[in-house]
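Reading through the structure tokens given below for one structure.
First chain written, first letter: the chains are A, B, C and D, and each begins at residue 1.
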Amino acid sequence: MVYSETFFPVRYYETDQMGIVHHSNYIRYFECARNNMMREFGYPIEKCEEDGVTIPIVSLRCNYRHPAMMGDDLKVTASIETVPMAKLFIKQAVFNSEGTLCAEGEVVLGFLSKATGHPTRCPEPLVKAIEAHMGDR
Amino acid sequence: MVYSETFFPVRYYETDQMGIVHHSNYIRYFECARNNMMREFGYPIEKCEEDGVTIPIVSLRCNYRHPAMMGDDLKVTASIETVPMAKLFIKQAVFNSEGTLCAEGEVVLGFLSKATGHPTRCPEPLVKAIEAHMGDR
Amino acid sequence: MVYSETFFPVRYYETDQMGIVHHSNYIRYFECARNNMMREFGYPIEKCEEDGVTIPIVSLRCNYRHPAMMGDDLKVTASIETVPMAKLFIKQAVFNSEGTLCAEGEVVLGFLSKATGHPTRCPEPLVKAIEAHMGDR
Amino acid sequence: MVYSETFFPVRYYETDQMGIVHHSNYIRYFECARNNMMREFGYPIEKCEEDGVTIPIVSLRCNYRHPAMMGDDLKVTASIETVPMAKLFIKQAVFNSEGTLCAEGEVVLGFLSKATGHPTRCPEPLVKAIEAHMGDR
């Protein structure tokens, strides 16, 4: 399994008037973790887009377990269990400073050719990076 | 079925460097439609919170079908099929100016007592409003 | 003077844990009003960008007077006093449901050629629209 | 002078369809740097609010010099030149990975008593921390 962890504090503007992180921000945290993982692969999203492939989202689900709050240092995880062909499946989770699971979910991504506007295969460098890290955990 | 429609244009800051609305914003659009529906019920979220009940999210899923773009006037829908007890299930969708389905999903909400911090029943005014509109469509 | 008004409700995710609209959102409200004005001109920003000119921000200032809250229906204004050459100066304000001034500021915008990446003149259709509306108020 | 630096990468959702970081996000970056500085002081914003004082914004200005982009690791700075009484003046700047100044501005903050809703003095722990660090640079 490919597994990556990203760490950052909650930002004040991410809280809402319930006094907790607004639920939409976990979807953004998931993205931060995915993009940090691609960066660790040596193939960041901006390089992928330069190479002519964008990675739009296909679907997502998220279960909210415990509210993240201002002051929390979050750990956001991304894990991949299968080498992508037409789609990339990523399991994601957010943990707070105490290690409590705040949210977990799954995101499905596709690959789009900027030239044609049509679906394409996962770019070779991303496939290779995922294959190289598949035994990590 | 209770059914509500909310209309607004895409905002520039909601686009990303793919040139489309960032996927996290559909989750926010869903919320706008839910809150507009509560307002139409005569029981807006801020009144509900004043009455001591917050409505945190429990889970959500979203399927992305067609990108919304700058210039689109969106229609965002919310529909409720069952009167809520401990949880409120809302089906949601986003359509663009041409009527194309951009995204559809489901959101599950809970009810939390501000006094105790514990789960509570759906507030009476909200139950009554939902019951009153259940035959609308 | 060219003058335009745009109306929309506060969105829940725009509030923060102070229980008011987060200050960064007024900057976004300003943009919504500017883009709605361009739309009223019959020359929306997406058309302008298609024509090869982007309108990046040069500077802004904002004075915060009164907090906007969930439940408020906002009126956001944009006014232009001089026909733009290299730069466009727009005065902006946000009013709540009671007509109380929540924030006022000024935004300076430039014009950038997408082809060259260099500053360019304000596009003709935008100049003409501003000239046509200059006596409105 | 009190001086603090905060580092983080650009997030994908912060970009817009111009392919650069949306201008409203620099206002949020400024806040991240201020809150990180308070944390370094040992008096984070959430502690200050627990102590009964919120720190709403009074005014801000920002000059945009160079676009930040996806892939940039930003350095965001906050500096304070005078010990706050009723107001806190903070100079702020954002630099990209190459050290290029992307934006600079100034933010003025007030202090509000949660109990009375009225303006109050800067909390003692924050005054003391600022005094203690005033000679740092």
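We take it that a contact is a pair of C-beta atoms (placed from the backbone, for glycine too) under 8 Å apart; a residue touches a chain by one contact, two chains touch by 3 or more.
Just so it is clear, the structure is predicted and the values come from calculations on it, not from any experiment.
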{"item": "Relative to chain B, chain with the most remote C-alpha centre", "value": "D"}
{"item": "Between the pairs B-D and A-D, the one where more C-beta pairs touch", "value": "A-D"}
{"item": "CA centroid of chain B to CA centroid of chain D, Å", "value": "33"}
{"item": "Chain A and chain B: spacing of chain centres that average the CA atoms, whole Å", "value": "24"}
{"item": "Computed distance of Cα centres, chain D from chain A, in Å", "value": "27"}
{"item": "Where chain D touches two or more other chains, by residue", "value": "12-13, 17-18, 20, 24, 28, 31, 70"}
{"item": "Footprint of chain B on chain D - complex, ascending", "value": "12-13, 15-20, 22, 24, 70"}
{"item": "Touch list for chain D against partner chain C, complex", "value": "17-18, 20, 23-25, 27-28, 31, 49, 54, 56-64, 67"}
{"item": "Of all residues in chain C, those that touch chain B in their complex", "value": "8-9, 11-13, 28, 31-32, 35-36, 39, 44-46, 69-71"}
